[in-house]
Amino acid sequence: MKKRLEKTMSRRTFLKGAAAGMALLGPGVPFITRRAFAQAPPIKYGTMHPLTGVYSVLGADQVRATEMAVEEWNAKGGLLGRKIAWVHRDDQLNGAVALRRAKEFLEEEKCDFIGGTLSGALSLAISEFACKNQIPFVAYCQSDMVLGADQCKYSAGFMVIPYMAALAVSKYAFENLGKKWYSLTADYRWGQSLLEGWIWQSEQMGANFLGNAYAPLGATDFSTYFAKIMAANPDFIVMNNLGADQTAAIKQASELGLTKKMKIVCTKTAMHTIKELGAAYDDNIFGGKTFFWKLRDKYPTSKKFMDNYMKRYGQPIEQDGESGYVATNVLFMAVEKAGTVADKAKIMTAMEGLKYELTKGPEYVRACDHQRVQSYLIVKGKGRRAKDWDLADIVAEVPGENIIMSCENNAKKLPFINVKLPK
Amino acid sequence: MLFDVPWNVIALQLFFGLALGSIYVLLASGLSIIYGLLDVVNFAHGTFAMLGAYAVFVSVSLSDSFLIGILSAIIIIGLIGGLVEFVLLKPLYGKDPLLPLLLTFGLSVAIPDLIKIIFGLIGKPVNYPSSLSGATLLGSLILPNYRLFIILFTLVIMTSLWLFLKKSDLGMIIRASTRDSLMVQVLGVNVSRIWTTGFAIGIGLAALAGAISVPMMAATPDMGVDMTMVAFVVTVVGGLGSLGGAIVGGLFIGLVVAITSFIAGEYATVSMYFCMAVILLVRPRGLFGEIGRE
Amino acid sequence: MEKKQIQSDILQDVESKPKATIVWGTIFVLLFLPHIMSAPLAAEILIWGIFGLGFNLLLGYTGVLSFGHAAYFGLGAYSCGLALRYWHVNIWISLLIGVAASMLLACFIGALAIRKRGVYFAMISLAFGQMLYFLALSPLKQITRGEDGLTHIPIIYLFSFSLNKPLPLYYFVFIIMSAMLYLTWRLLQSPFGKLLQAFRENEERAKACGFNTTLVKFFSLVISAFYAGLAGALNTVYLGYVPLITLFWLTSGMMVMMTILGGKGTFLGPLVGAGVFLFLQNTISRYTPRWELFVGAIFVFIILLFPGGITGTIRDRYAARKMSRLKREAELLRRVS
């Protein structure tokens, strides 16, 4: 008897409480639901990077830089009032996987834009995908093929075109280091593009090209190539390679005492290479980069950018990350300028000629081929004086205008298509 | 001069080829011992070489002595090899002969990732030991000391190995087991332990190859893949299961790669596979291999 | 005497003659796959499944391990791609060209190398595979476009569906996959299939019975190349481009792992393996770039404890249970009589 009463009591109490609750919430309910509908869906940005494989250290840099760019924009209130939702995936530096990721971004994640890759070949494939599916793609890296001109308008390139690096570094080398040169080139498209640039510049400036040795990508023993080079006795050796290849080559060059007799000029070099080489990367070794953190001494925008990154991640940014940071920012700036997310063509048009100052001095994206026009740096090693991340000194910065060919020339791949590469 | 190339340049190329070949010899001899003794094709051979390189990096950072570095690489990684054989490969004997190959393949995929987690993605440098840097003058040839060291050291190791196999009791048992492990077992020897020892020796050789390579390049997690391929190529050329074959094959391939990089650099890697294909078609047992093993 | 008869009958039943229900059941399940998971991933699973059906014929049913099957996959991919890009032929002819090229290569390699013992053949195939890769990378760069891969492959329209869209592509691959499943099933029922079974159980005995084992292995190789070439060509359609990595030994390695994982020597093994492997790779790589560690470790684990793979282990459990049930029934019968 008592039990039933209690039960009835508790049920009544429950109902009373519920009614009270409803009364309190009541007026609030329509407010809550209206809020939920009014909140627009986030804008989705998908990027892919090599997170496995030999270049994963650079891929990680790209991820961090993109993360920072996205968070900075979201902190400012998002893009066109909407939050930016960013997803990133591993492309494993593998064409098949990269394309699968691109498909996932488009079909599953319903991304509005795509970005990334560390490989020129992959950029090419994803750029084509972007065209077939009319989705904007900002390439953090590119190969010899200029994207915008070759493909339709949906892609943009934010790294230097390989020949630009060659032109910048070669001019500095011929002016400061001597006229006799021998090159060691990784045997694939990127290496060959660099060599084309060097040979052309060499002819322009009356330098003496003594010869070239092709090494297969991934070679570990360069001693056999250096024998030839030593016999030729150039003023400096040009290294058209990257990563582990460059590390091994310089190591072995120093082992053979080459660095005491001649300089080494790496058309593109990376901080982790310098770190891996330690004291062997001395002041006889010069390297090219698009970005080095010491630019903060020259540009206030650079300082702000570098300090932010350093504060977040405890290490300076590498050029691949910087490329990603600029790419992401420019993409969002173009969207803002166009005032739309859905009209992709309008976004790309807004990107053409877009001026900005983000990490170095003032820059812009060229309209005809969606190419970022940026400067190129030459750094000199510090050998034993290197400490922590103070790995090199900047000796020159070549403005982008000086090293990029005209729109018409780029479209026809002139003048490099006429350069005869040695067998 | 030969074809416009001075003799001393050619001689230098050959010298470098010998140095390169010496490392190949170490890799191939290890693989050969493992195959000869256990009938296992060790797909993770290069992975263990990579571990040897990292072992040197760690011990050199701790002890500052390259010698200790090399010794620790051989011993520690060799022991790990023995452990791997005992725990992972032994359960597979008697079953499908492809299973051990597949297991080592799985290891070659998993272990580099483990190294990436422990040591990170950037390569770890090891400097040339100061006692071995510089070069020796031989007539008009300038021979880098470290390369000389590689050639001579490999010679010493190979000679010791040969003496060990020919003269010592354990060596004799190992050779017998290579021929007929059943018979050895019948004679009362614990063949299982011989197999573990043999595997450990093979891995120790691989680790040594990685260890002495490391000053020439940094220790990177993915350096093992190419080394496995090279080990295969040389072993096939020399003859699976033949130590003499590993030596001759290793030096031969080293010279081929050196000469090819001189003449047509981009074909250096292809030349190695080409040799392998030719041998497989023309003399499948390899230069020194025995008929029946193929 | 009677017990032994029952034993071998059971083994006969469960082994390599898949029931029709399995085939039709699989096709039925695959019909709904893109609605359970992402359509592009599902299409990829089917493509590797086709690759695996053929690879398994060679590895599981004939007992020959090829570590260079990427050569056939890649050649099929490139041939199809070249046909679509330069000769502007329709999709069916392009697929056919891919298949033909792979089979031709298999004839060539088979003629040279199939006689060799298992381990040797595995390494020869690896060597040839690598050679093809390096040839495509450098000397044949004009044709293959080297490491850039083959791009500019036009979007294919089939019955007014764009194969660039995930669902139409999936069902296109699905139709071909269903045809391949049926074909494989019939192949296994055929005299050749029975020969493979005899071969697998005891190669020496088959030889003693007068069968030309070399010829059997050769045909197996060429047939597996048919599947590989077809899969490669479909992969080109799926991606709209041919990456150089298609020819790299890693592709061969992945196929080996999938087949072992799923269960070699079983009908559905490779398909299950492809599904599990790609699913794992896709999922794990979202959380950590170290997916190779997990997949490699799982692979080692499988080799040690479940060498039959997923389907193989299931089949063995099923057979064991059926066997014990029949044993019990025989016991009962004996007691009663």
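So that you can tell them apart, the chains are marked A, B and C in the order they are listed, and the count of residues begins at 1 in each.
Criterion: a contact is a pair of C-beta atoms (placed from the backbone, for glycine too) under 8 Å apart; a residue touches a chain by one contact, two chains touch by 3 or more.
No experiment lies behind these values; they were computed from the predicted model shown.
Colleague: Does the chain-touch network form a line, ring, star, complete graph or other?
Modeller: complete
Colleague: Comparing A-C against A-B, which pair counts more contacting C-beta pairs?
Modeller: Counting C-beta pairs in contact, A-B comes out ahead.
Colleague: Please tell me the distance, in whole Å, between the geometric centres of chain B and chain C computed from their C-alpha atoms.
Modeller: From the centre of chain B to the centre of chain C is 33 Å.
Colleague: Could you tell me the distance, in whole angstrom, between the mean C-alpha positions of chain A and chain B?
Modeller: That pair's centroid distance is 38 Å.
Colleague: In whole angstrom, what separates the CA-based centres of chain A and chain C?
Modeller: From the centre of chain A to the centre of chain C is 38 Å.
Colleague: Give me the residues of chain C that touch two or more other chains.
Modeller: Residues 134, 138, 290, 292 of chain C touch two or more partner chains.
Colleague: Which positions in chain A touch two or more other chains at once?
Modeller: 52, 56, 187, 216
Colleague: Counting only residues that touch at least 2 other chains, which ones in chain B make the list?
Modeller: Chain B, residues with two or more chain partners: 113, 116, 266-267, 269.
Colleague: Using the touch definition from the top, list the residues of chain B that touch chain C in their complex.
Modeller: Touch list, chain B to chain C: 41, 88, 91-92, 95-99, 101-103, 105-114, 116-117, 229, 232-233, 236, 240, 266-267, 269-270, 273-274, 276-277, 280-281, 284, 293-294.
Colleague: In the complex of these two chains, what residues of chain A are touching chain B?
Modeller: 52-54, 56-57, 60, 187, 213-216, 218-221, 223-225, 227-228, 230-231, 244, 247-248, 251-252, 255-257, 272, 275-280, 423
Colleague: In the complex formed with chain C, which residues of chain A make contact?
Modeller: On the chain A side, the touching residues are 51-52, 56, 89-90, 92, 94-96, 98-100, 103-104, 107-108, 120-121, 124-125, 128-129, 132-133, 143, 145, 187-189, 216-217.
Colleague: Considering the complex alone, what residue numbers of chain C touch chain A?
Modeller: My answer: residues 38-41, 44, 134, 137-138, 146-149, 151-152, 155, 164, 166, 235, 239-241, 243-246, 285-286, 289-292.
Colleague: Taking the touch rule as given, give the residues of chain B at its contact with chain A in the complex, in rising order.
Modeller: Touching chain A: residues 5-6, 9, 12-13, 16-17, 19-20, 113, 116, 120-125, 127-128, 133-135, 142, 144, 146-147, 213, 215-218, 220, 222-223, 226, 257-258, 261-262, 264-269 of chain B.
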